[in-house]
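Okay, got some structures for you below.
In what follows, chain A forms one complex with chain B and a second complex with chain C.
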Partner chain A sequence: MKPMFLAFAVVLAFAPNQPASASPLLDQYAQQAKSDSPDFKEFTAERGRDLFLSRHNMGKPETPSCTSCHTESPLKAGLTRAGKTIAPLAASASSNRYTDPAKVEKWFRRNCNSVLGRACTAREKGDFITFMLTQ
Partner chain B sequence: MSFKSKLPLGLALIALSIAQAQADERYRPVDDKMVIDECGACHMAFQPQMLPKRSWEKIMATLPNHFGEDASLSAEKSKYILNYHLENASDSGWWSGKFLRGVKDSWTPMRITDIPYWIREHNEEVPAYAWNDPRVKTKANCLACHPRAKNGDYDDD
Partner chain C sequence: MSTDGNSGPASNPMIWDLPVRLFHWSMVAAVLVASITGYFLPDWWLNVHATAGYVLSGLLLFRLLWGVVGSRYSRFGGFPLKTAESKAHLRELLHGRSKAYTGHNPVGAWMIILLLASLTALLITGFIVWGGQENNGPFSTVVGYKLGKFTEEIHEFFAGLLMALIGVHLAGVLVETVFFKHRVVPAMIDGRKTLSSDEKPVTLWHNLVGTLALASTVLGIVYLAVTVGESQARTTPLPATYKQECGDCHSPYHPSLRSLASWRTLMENLGDHYDEDASLNPQKTEFIASFLKENDAEKFDTEAAHKIGRVDTPSHRMTDTRFWQKKHDDFKPQAFKHKAVGSKVNCNACHKDAETGRFDDARIDVPKGVKS
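Right after this comes the complex of A and B.
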């Protein structure tokens, strides 16, 4: 078991970086988006940007948009309504963002419901992360 | 005993009572990693000793609409965190603490800042302009004025 694990770790450590899948999470969301809608092609940072900046007013009145807490700049730290600092959303400003699928899913689940009043689609999640990876 | 000879004793007692009053805002720090991580993601993980059991039950049962936000957790995490709060709630011990004073059994407070003891302590000492300071933002932001609040230390007033 142990040598197998080590071999696997070594392979992982030397695996070349693939720019096409900057986040393994994006591959998952892309698969889901394709099965949701056959004409899905790719995620775009522009749609992610719109999602992030739009004033949706569809969820809870306290949080009409992502920017209510995250500010309009993904490079800046945000502030929760309870006064706690939130690390910036841009991947370049918070290195561990979008690396833990469970954490990403947890916050999409909560925040999409708070802001949009519904779950986000896989396409929306992918667009959002794609935008944040360019920031 | 003359008045003069009583004076030092009186002063000593007053000094002692002031020292007591200043050192009694101590609470057991939250010492559970999951509670610190999950509750503390959006606000300081408040000490469970400040609300009764029934309050924590209601708060944990209504996380999908937690003061205007979805703060939902998995069922397992939710159960674990509720349990921690029940074990340490203001009415979990044999004594009846100051956070229970004036809290009727028929009332389920949803905010620590609605508790009569909390209100009295802050009304006496905090001027309105302090609440309006943007660095405070909300009464839920204990740390704005109590920098050691996470350690259960509110003795800095």
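Right after this comes the complex of A and C.
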């Protein structure tokens, strides 16, 4: 019990210095989200979760939602249509998932287009990553 | 089998030396393995087939040598091959008579010459196919795909011929045994037969030296095959960017599997890549396109490059080529949905060397449960 409490205290102690985001990428998205819409406050994991789980049916017929390839659980490995394993999306299951901005942007560009039929907004990207960081 | 020429319970002296008998029965076993793997088993037994070929090469090499320096009845020079004698023997046979020869009779001697000759042709053509089509073995760097493919027909012809000759050989042995009551089969086991008075039986010396020579030729050839002949795998390593970017969604296909025209079309339409957005930034697109240009199907001489890479399909899919379909036609559609496979384009689920573009038959390893 005691180590748990200590760990929690450490997290709390550092928390004020790092509001919401733990990655420079999220800060970038936050800046852009603010300039997109002045009433943006912060990313939420709930909105990210909805984006991930919803059946959008707006992009390519083969991929109505993120879960078409990534499965319902961010902790599980997914499968591409060509049969290749996709590492889990949850940050806890694949470290370095959200550290390379070029790679993250590449996949948002491709997959938002495939699933939503359009590019994702900075807010959607931030929500999505925020959700995955909690998983 | 006794190694001594003059002792033992049998009253007959030994005329077939031990190495020639060992040669005979080892060849029977190796030909059996080669025919079963060649005629009946799936492609991925081809390495066993080739190994039988190496063993047979060693055996044959020994036999040709032993036919010159071996004991009296093993030497080709002592075979009753003269036309007049052969004709006379044939005429005798047609009248239902066959005189007992100490060694081979003329028809039997000719049979051995034919068997050894067709086996020689079978081995040479086999290694040309192995080198040309599979890029393996002693001819892998000298024989091209087309010669290998063409030679396969000749190899099959000689295989058929050898099977027919074996049939005639067995029929002959049967007739000699049942009809003429000659001691043919036991003699090939214990080496003993009746001997005319002016001839000397096999010596211990022949048995020892010959057996040593037989073992060292076979082991030597197999050793050479394992250490030198089979290690000439020519591969082009895939660049990291190619492996990373193409390999994100599917196994990174070897560039030799598509033509330059196909690659160009695919690279120009990455935004709609089989209903996926696979677009890349201009630098990476440029890098991958130039790698493909330098390594397309025309640049490789493998079976896969010829039969799949150089064959364009409207969809640009490899799986739409006739060769691909023919080679996979005994797999049910569900087999490709198996979780160890995933899809038809996940080549390396079974082809362990897919990334090298070689697609050796011997490197096929179908995961358990896929083929059922």
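Operating definition for what follows: the second predicted complex is superposed on the first by the 115 of 135 C-alpha atoms of A that agree within 3 Å, B and C clash if a C-alpha of one lies under 4 Å from a C-alpha of the other, contacts with A are read in each partner's own complex, and residues count from 1 in each chain.
Following the convention adopted for this analysis, a residue touches a chain if its C-beta (ideal position, glycine included) is under 8 Å from a C-beta of that chain, and two chains touch if they have at least 3 such contacts.
This one's a predicted model, so the numbers in the text were calculated from it and none came from an experiment.
Enquirer: When the two structures are superposed on chain A, do chain B and chain C clash or fit side by side?
Expert: clash
Enquirer: Between chain B and chain C, whom does A:62 touch in the aligned arrangement: first, second, both, or neither?
Expert: After superposing on A, A:62 lies in contact with both chain B and chain C.
Enquirer: Which partner does A:84 contact after superposing on A: first (chain B), second (chain C), both, neither?
Expert: Both chain B and chain C are touched by A:84.
Enquirer: Based on the superposed arrangement, let me know which partner A:110 touches: chain B (first), chain C (second), both, or neither?
Expert: Both partners, chain B and chain C.
Enquirer: Which one of 81-89, 117-125 or 207-215 is the stretch of chain C that crashes into chain B?
Expert: Stretch flagged for C-alpha clashes with chain B: 117-125.
Enquirer: Once the two structures are superposed, pull the chain A residues common to the chain B and chain C interfaces.
Expert: After superposing on chain A, chain A residues 60-62, 79-84, 109-111, 113-114 contact both chain B and chain C.
Enquirer: Using the touch rule from the top, collect the residues of chain A that touch chain B in their complex.
Expert: 60-63, 79-84, 109-111, 113-114
Enquirer: Mind pulling up the chain C residues that touch chain A in the complex?
Expert: Contact set of chain C toward chain A: 247-251, 274-281, 341-343, 345-346, 349.
Enquirer: Can you tell me which positions in chain A touch chain C when the two form their complex?
Expert: Residue positions touching the partner: 60-62, 79-84, 102, 106, 109-111, 113-114.
Enquirer: Within their complex, state which residues of chain B touch chain A.
Expert: 40-44, 64-65, 67-72, 136-138, 140-141, 143-144
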